[in-house]
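After the structure tokens below, expect a handful of questions from me.
We call the chains A, B, C, D, E, F and G, going by the order they appear; numbering starts again at 1 in every chain.
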């Protein structure tokens, strides 16, 4: 019941977001879509994903989309019937194709059991984070690389952007007051990552949200630009240095000895936390 | 040691080319020095090889380059014939080119590609199988293109374009045939008397065998300028004189002819070619080319073009000689390969001298040049007489063997073709000499010293001297004739 | 600063628990948070705890009432609403009071602060007839007493 | 254990970060590009000597759980290719950003090393999902490189590229998810065991193939490539056109030859791919011939040259008995094209540097005024056509031979025709550079390093054909 | 139940694919690509639930996490570029 | 018994979301659509807490915490970015 | 047990208020009024739900977290209400 209701809401918000002529409405419904998919992840017991989706997928992406929509002209361009027809045909074919595919999936154990069996050797208690940081840590390294790359790319292109803010004293004091809390809780969520739902990306994105809020109230962070840059690079730098370090020691690239793994992972999490936060913040701001 | 010798033959000019490409344009002396040293060194190596091959030494380099095909270099008498011809002429031309291009721009680029072209000629000569032959054959195309368009004028560019069209189309045909050969037979090694596995296959699939033969023939006929494929040659005469001299007298066109020799004698084997009657239609075609070339040459106003048509017809002498069955015609063909090279290069260098000194490019501008430049004109006259086939010159020897070969093969019509061509060549060569010597005298001021710089004068004189020398030497002496006899004996003794 | 440190340490300990890992992490978290305070130059104002408590309970009451109020209006068959704007002028000029008040106004029955000016607040009321300025005055005085 | 393969990824990553520090930039760039090049060289040499395929499980977690590096002949060869091109492009860029585009030069190195790391990671990776992340690394860094000049055209090109590449990534991810749903593993080596005798994978294959086709600009999806590759600065174009489009094709070959079992539907798919490849060759060449600017010409030629890799798809399916030869042909085609295209783009950078224009007709007399650059254009052009001695020739020879042996006459003839077309679009470059008309030559010198690196790349691409037996030994070994 | 989610993800992917092709503005295209991504993630996460274990398989969760972060980075850079273009247009 | 009760509870909460969603869909002004963030923030957090009540899993509380922390920020950001320019308002 | 019943009751009350808020959102005529409904009714409903959760857990850390969540939600509600209303006014 709940699933169906959520599903229908999800679908309708997606449709509205896609179909609406008004770009703003699309943006709003995209955000709603994000929230709802967060709830759907919860229903599917993918709590980590839910947290990420709510904080990153919906909030941060939502901010970006707002900003984009705001800066774009809202004119509806006519689409030729021909385009519609072939697009429809392509999608229909794809739909049928996938419809044939879906029954071939069988219920089975995949890698999951193995993860739980090796969990005690990973240095982390939460299965998802064990996969993320240890079993498939290399993926995560590259993932941190991707996000660093994207944001540095954005900075490198020096695309000047308008800043949106609301010079409101109430907002200012509120956002200022909130920031320490957000720092605290984002670290808490990062900490939770070692044994439960949470993690560095989630925590970092939360902090990024707080920072964006802070910036939107027309305040600037009392940090030097170079320091922010350093923070942004910390995640990738530290992670790859750790990998190199263990490789040089002879353990192998990104291979943590059992005793040190928890400690190493904590520091890696922290570095990812801070860099994610500042990267996403910069992603929103568009400049240092 | 043996491998090193073969490699150094190939690489000496290649390294020179690479080295020069890094030298600054202004380093004239160093460049010339390096060029000259390499040329002499090569001649030395050739001498060494001649000596040891005569004594039965075997030189080869072979490794598997790609899964199907081997890179195979080998030194056999035939290869040596071509190698010694081209390395000798290379030396001559290098000296000539240094003189000819003095003060001209872009000499660095010229020499880079010049050396590259020589490398590929060496490779063609030494190739031990069709695959390796093809590698260098195409490299030759590539390296001569910049030489053809060296001047960069619109005319040169157009000529270069046509050259590329012909050679690349020919190359594609070549490649297709080669791939087919490898896929069906799996081997393309040259054997004296024909490749046995190919022979077996051809006997099984006569149609494919025939097609493949014609494919290879026409692929190489492009370079050898057989009748419908000759367009590029006459236009490519816009290149500087040394280029025309070396490349169109020796390297490019002879590469085609040389390839046909390899094809007929060492890939298919004479026996197969004769028994399947593969040669006849081609022989008629080449005969026609001989006549056509000579005939066209008579009416050419531009001197270089005249020589180009002459080249066309003389190359077909060689090919016809190859195609006609029998030892004698083969000997004639091989001899003409050498002799024509020597004579043609002389003619081109002489024309270059005329052009350099008095800017003579057309027939009507020749008036009185001969008196001003006596030495050049003597060389020119000697070479012309040689080409016509006058006794006491090498040209006579060639004609003699070719005619005897035709008679031996029972193809008397070929003799008439040779006769007519000789008569025509009188008509297109002798007027030049007469006009140069007896035309109205020029009014240019007399300059002191030699007629042109010695670097440009000595090379044609040497080659003209050789034209005479090889013509009058007795058969017992060390000469191309003897070497050719040796080759042919081996080739026909092979089966 | 000390109070803050104590506050966060306790908060951390209670939230995260008393394991070694938590303690270790806490050693990183608390300084970070304090650093933020330091950077933002944000220190807790001196407050009157008993006034805060009184305000808190009063606020809870108001909040409860307002919720009821809205639910009643909305669920009644005829919508009992008569929207309108009123202007409320402040007595105090403390910034903090103004802000806290304008926030609480949102959660008291039938009022919604729309615009905060120098010393007036523009309020939207759900029902003009039931707008009660005294209530707000009382709240203002309560809040005023919190901040010393 | 010879050397930790992780260095190949981690060092460039670290270098990219270090290059952000202005005072260290030049040293970092030089030292790390040399280091990465040596590492690639080392791994290549290892594939010639050591026992391969070499697996390294990151973190010690074996396949279904963890991710592995896999070094074998093919990946070693491609590592070498990346190393060579990376190194020479780095050399080129030292000079290039000194004399032009100073602002872009400050950030170029970051993306350059990132790209390098991504390429190394791609060729080494053994895990399908990991490949997804790496693909993202590649396309994002490529995207920034496209947008680097910062003018409108570049930004637009990069945006189009970005959208298609996100779409492609999502499709790829969908395919990976489908495979995981059906088979429960992501590692290629395990997948190949599990796939045998099943059919469900054919469904997952479809989105993956579409994604790879988009990323490597196969015909119906090729339109993003020419503007993207032509609008940016020369070193970036060189990297993009020579390296970035190759990994998807490589992955496709890997899947085809090593993972997927024989299945009828694959045969049909291969025919479709082959047709698309043929069309890509024809259309790409046609447009290349019609271009008036050198960079557009080169970009379209990339479309055409990538077509060869797909044209031969039926061979991948049928050519089990010639697996080695196929791998070699593929590797050589990729290698020769990469080197030649890099050299051509670098030389076009030189040409634009002196002529200040992109038009073909504005580079007259190039062979007269800047011979070294001309040599580069000449040799690399010859490689593109596939003239002998070049590695391109060997690749084409092998492809042609295999297609005849396996009875794919159509593919063979398209192949041959394609190289004729290639000569048609390479020829104008040569002609223009020889032209002495109008007589104005560009006399201002090009920095030595720029000329030399372009020349060496072109020369290597041309002369490598003669040593292919050495280069391909790793592939022969496995 | 899993079937429903599979189906839902399928619809999301198909619908957004349609709109991706049809879209004429960059904004719509970006949104549709993001929704397409969500559909794919939904498929993946549903797969995680489709197991005989009592807990869902953590591996797809981790992968989807990675996927989301990657998608956000791509979105960030796309937004920057589109805004730049829009500004140029004015 | 408990199941039915909880089921009914969830029904109510979802109904809450659905009703709100209808308003969000209808508009008519953008501000109304933006209230979605508020609605989803509280409604979603409430849903999570209800689930916590059902399952007694602490992680739902953490999720709700994240939800609560971000939902508000989103609403404010909405308000700021969207309504910044008078032209684009309402 | 008593606590359990009480907590479920509280939860229902909370759900009821939330629902009321949504109904208000649907029925009320203008945006300002809708904001009233959202801020007030939802906050109250949420408060009840939090209370109910507090009753069903005995861990202090959970209490603390729930309290914080509640605090956050009410302050955000107030702030967003204000922000939206203000933006609408000045739009």
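The working rule: a contact is a pair of C-beta atoms (placed from the backbone, for glycine too) under 8 Å apart; a residue touches a chain by one contact, two chains touch by 3 or more.
All figures in this text were calculated on a predicted structure; none of them were measured in a lab.
Listed here as common contacts of chain A and chain G: C, F. Graph distance from chain B to chain F, where chains that touch are one step apart, equals 3.
Interface comparison, A-E versus D-E: the higher count of C-beta contacts falls to A-E. Here the chain at the heart of the shown protein, by mean C-alpha position, is D. Farthest from chain D in terms of Cα centroid separation is C. Note: centroid distance chain B to chain D, computed from Cα atoms, is 41 Å.
Chain F and chain G, compared by their mean Cα positions, are separated by 10 Å.
Mean C-alpha positions place chain C and chain D at a centre distance of 61 Å.
Distance between chain centres (mean CA atoms), chain E to chain G: 31 Å. Touching of two or more other chains is recorded for residues 67, 98, 105, 108-111, 115, 136, 139, 143, 146, 149-150, 153, 157, 159, 166, 170-171, 174 of chain A. Chain C has residues 11, 15-16, 102-103 in contact with two or more other chains. Contacts with at least two other chains are made by residues 129, 133, 136, 140, 143-144, 147, 155, 178, 180-181 of chain D. Every pair of chains meeting the contact definition is listed here: A-C, A-D, A-E, A-F, A-G, B-D, C-G, D-E, F-G. Remark: chain E residues 13, 20, 26, 29-30, 33, 36-37, 40, 43-44, 47, 50, 59-60, 63, 66-67, 70-71, 73-74, 77-78, 81-82, 84-85, 88 touch chain D in the complex.
Contact residues of chain F toward chain A in the complex are 7, 10-11, 14, 17-18, 21, 24-25, 27, 30, 33-34, 36-37, 40, 44, 47-48, 51, 58-60, 62-63, 65-67, 69-71, 73-74, 76-82, 84-85, 88.
Residues 7-8, 11-12, 14-16, 18-19, 21-23, 25-26, 31, 34-35, 38-39, 42-43, 45-46, 49-50, 52-53, 56-57, 59, 62, 65-66, 68-69, 72-73, 75-77, 79-81, 83-84, 86-88, 90-91 of chain G are the ones that touch chain F when the two sit in their complex.
Against chain A, the residues of chain G that register as touching in their complex are 75, 79, 82-83, 86. Taken in their complex, chain A has these residues touching chain F: 1-2, 5-6, 9, 12-13, 16, 24-25, 28-29, 31-32, 35-36, 38-39, 42, 47, 50-51, 54-55, 58-59, 62-63, 66-67, 70, 164-166, 171, 182, 185, 189, 192, 196-198, 202, 206, 209-210, 212-213, 216.
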